[in-house]
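Heads up, there are several structures right after this.
Two complexes are shown next, each including chain A; its partner changes from chain B in the first to chain C in the second.
Our next item is the complex of A and B:
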């Protein structure tokens, strides 16, 4: 019995197939690509990006978009470094308090994003872009353009201590990936994201408080950006106003390439994972086979267009802005 | 007088009030030479905003403008030696074609413009890094002065940048007010479905709008490269926010259809005065980005036409 592959099935599995094809492709060109050492390298690079991608996935599932991640990551990274230093600069002492504080800060920035978007009725891409600029500005203001070092050995252990070849930060990212998956599938909030993304009018008519769902979504995304910020600081040992730079392009690309539809309602955190891995495998693979790394942004740009084109049912859309 | 009738006049009232506030506090600000200097300095930003006006006028956005300008500073620096003045043509053409690509992807492939332009911006960034070898480049000073020196000189105290800006404003005003293209863009911005229903080739005009935006971003990059006598893949970073702010505080709403070139002139002057006033009131330059971020939000909230957005996503 052969059944013609339906468009939906193909689209659903295409990102994973692309990922596997890429791994085979790079391994064929250079066998060292397929090694634990290299996979650990990819995982370290991908861990913060994954957190940002999971955060923005919730927003895109709602049919909105969040472009504030660069500002939010910079702002929370810098805040973390300062608070951490203020509380003794050691994870063994009071320093750990900085972590929950910064997660709350990320959530608050997200709430602010959401409120600007829903209360002032500004399209989310512009509201969040503007708030992102404010966040970067605030980070510049806090640091005065300086770099803040975080060199506590216990905290850097997130990078230096390894289990089974992978550093701790990879396991932390995995833990929060599962947390994201849990929120997506096992909570009312998660169902509500899909309800809003699937059809806002319908969700509203069935009595859902769409405004609150949207603001909560942005808050949740903010918390994930803060986790990303902490992981970045752990990875490079410092925070500055450009810590969040380039996260916007990479994370949006990842989520879309992973198969989350920009129109909302389709995809989830697993798509974000596959997307982030595709992007990072391409980044890493290009270096491993000796291609210059400046091609990355261009390749990602073309890839994101391709992904949106493939995931759009053209009969459904009359025009886009 | 209700707020709706006042709205179209808000931009220039804002401008006059701002100038008055700064002028009263610092009379030196109002000296003609000072005003001309401030206006001259803002010209590259203004040209980029002028291009963005077209993208926003039709209800889209062009987030690639900054990367485009970055790329052009590199192109100009690399090819000035071999091409001479023709490098200007190459730059504008590159901007126009990449803009067309954004427009094509947006209209024919149904990718929302903020994603398509972001992606094309990524392509432009890659080209810039590739051409520059990821370094900052310098132009040969004598050659720059021979070829493009006229762009940055002064005549009777008037910076030449202002003359360039005036010419471009003239061209853009002509396109907006006196050509079929201008009317078509207005129709698309006012109501895309209605425009399509009345037989307008909406896609073609939208592609042209993005192409114009790209070409003007390229001119902005070229002028910037000449001013700095060099280029780098990230040299124009920081242009995008004030350029968008300039268009929106000028009164062209994110939803398109109203506003236009003249509004952007006023909007850019508002940005220039805000910048200058921060200097006079000794507000730290590091706060500029926060201020513009909030100004952007206020400007969008005031201008956006919510009747056009059934649901705000």
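Our next item is the complex of A and C:
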């Protein structure tokens, strides 16, 4: 009994141990890795990806998958830039209104995503992927392929103003991470995600409106993608139809590396955080230790496999598909 | 034996017999046009359908290429929509499949301009076009052993841009701004892309004349703004104050570099870029960038379509043209602080009207291959 318990504990903490091991490894090879300035750099790169990962965590916990993040991030980023400019282009003026509007837009895209999935009974994989393409297409339509600049100094303060060494955007991401944790542990909705992911038939038989939980989950994910979009614009000062590119790989990898099981019911936002940090620490660390660029992709792949091997309880899985 | 396997064997046996019948019928059908006279021997086409096969609409570069193609079809008195977009989305398979479908739909009566997405794909694309009796001009991607003159008239021309010399010039501007000494980092394109290779080679050429400049690191940022920002941040951790200048493989990467530096409160870092996008030209005017290079994609897009079209309708006969008219470099214009305003007024604020029959005027000489 105790042996079983310790094994479970080990697996639960494995992603964090992997993260700590990576930090020690990179620091040993180049001590400048372990500095506040570098951690701030990693945090800046990780903040938007973390929001996407938290959003998709809810969906994966439900046992579904959401691949619409690239389109949704592009679409909401471009919409934000346009609305912000339309309302005066300054956070001091009416520009702030663009933020809640874009969060609502993200939620609506999520609702649509969820409805396509549950009403048309299309697997979430396909429904969300398709909706993602629609989002990217809409972003191209809006921009005509051009870049939309957001250079308001107050808004860019999210990147340029620091507090205890970290830019404000990092604190915003941390705040919404806690919001995600609160939803996950202290709301009925959060518990329902686990009920659906742990055993959908049982949840349904217990009188849970699974359809509504799923649609709400996708809406919530959409809101987090919109937060990610706003943070990306804060980070690079521009929005375009490829703003969301790469977020699918980074977020899904992070969530899985962090120990959220793709078959649902296991893991949560802290796993997403650790996973995003692992991926970003690897990205940053490989450059900082001077690993040749042609090795970087291969090493990233190997480390991802290693992290998943260490952090999932494969004894519980009878077969993998 | 399970029924599944039994059914499978039965079905395969039947379908093999059907296949043999179908093959016999097909060969007969294929021989018929040959007996009735080849369809491929057409000397010139009348009113061919015009298409541009390219990557996507999500970048200023390809939009500009397409706008050139549209300007050309409008010069023929046709609507913009007469230019068919074959968008490959970065997929080589889709590039070839779309072109084959376009050839089939128009029965070979086509003039196509194309970037084949990757070098090896240019050969099957050109062979498909020749087999259908259509005409094609390519840009950027082709292997060194593939030449228009080996395909008679159907492979009209290939244009590419030699990025080595302009990238060397931007590097010199960068090094002079750095006072001829200090460390420099290079943020490159996707490692295997030809322009990425050439732009780094240009930087290395310039280094030979500046012994006190040290190339600290060169890594790919995949032409991407966010990757550029993250890579620059990592470089700052590794090299810190040693970085005195930044050489970027394109404008998008430079935007990311500027933001990564902004986050650290670093201003006035000498940076050079490439592509001459409107935002980058504005940054040159504002002093955020030292230089960028314009390759006139609008003209490239228009002239590639024009070459294929005019060869197709018989305005000129490609096989009678000299080699420098079959394989040539496109124009490159260096944009620096002192000429940025003039450049912007001439090329960006209003698009110049080009003579689409002046096929080779702005071009830059025959393509040279390295041994």
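Observations on the structure shown:
Going forward, the second predicted complex is superposed on the first by the 284 of 321 C-alpha atoms of A that agree within 3 Å, B and C clash if a C-alpha of one lies under 4 Å from a C-alpha of the other, contacts with A are read in each partner's own complex, and residues count from 1 in each chain.
The definition used in the following text is that contacts are C-beta pairs under 8 Å (C-beta built on N, C-alpha and C of every residue); 3 or more make two chains touch, one makes a residue touch a chain.
A quick note: this is a predicted structure, and the numbers were derived from the prediction, not measured.
Contact comparison for chain A: of chain B and chain C, B touches the greater number of residues.
With both structures placed on the common chain, the touch criterion links A:160 to chain C but leaves chain B unconnected.
In the superposed pair of complexes, A:72 makes contact with neither chain B nor chain C. Contacts of A:251 after superposition: neither chain B nor chain C is touched. In the overlay built on the shared chain, the residue A:302 is in contact with chain B alone; chain C does not reach it. When the shared chain is aligned, chain B comes close enough to touch A:63, but chain C does not.
Of the two partner chains placed by the overlay, only chain C lies in contact with A:149; chain B stays clear of it. In the superposition on chain A, A:140 contacts both chain B and chain C.
By the touch criterion defined above, A:127 reaches chain B but does not reach chain C. In the superposition on chain A, A:271 makes contact with neither chain B nor chain C.
Across the two superposed structures, the residue set of chain A contacted by chain B and also by chain C is 136, 140, 144-145, 294.
Of all the residues in chain A, the ones that touch chain C in their complex are 30, 32-33, 35, 37-38, 41, 44-45, 136, 140, 144-147, 149, 156, 159-160, 167, 232, 235-238, 240-243, 245-246, 283-284, 287-288, 290, 293-294. For chain A in complex with chain B, the touching residues are 63-65, 67, 116-118, 120-127, 130-134, 136-138, 140-141, 144-145, 200-201, 248-249, 252-253, 256, 262, 264, 292, 294-302, 304-305, 308-309, 312, 314, 317-321. On chain C, the positions that touch chain A within their shared complex are 57-60, 62-63, 191, 217, 219-220, 224-227, 229-231, 233-238, 240, 255-256, 259-260, 262-265, 277, 279.
Every residue of chain B that touches chain A in the complex is listed here, in rising order: 59-61, 105-107, 109-116, 118-123, 125-127, 129-130, 134, 192-193, 196, 202, 241, 254, 284, 286-294, 296-297, 300-301, 304, 306, 309, 311-313.
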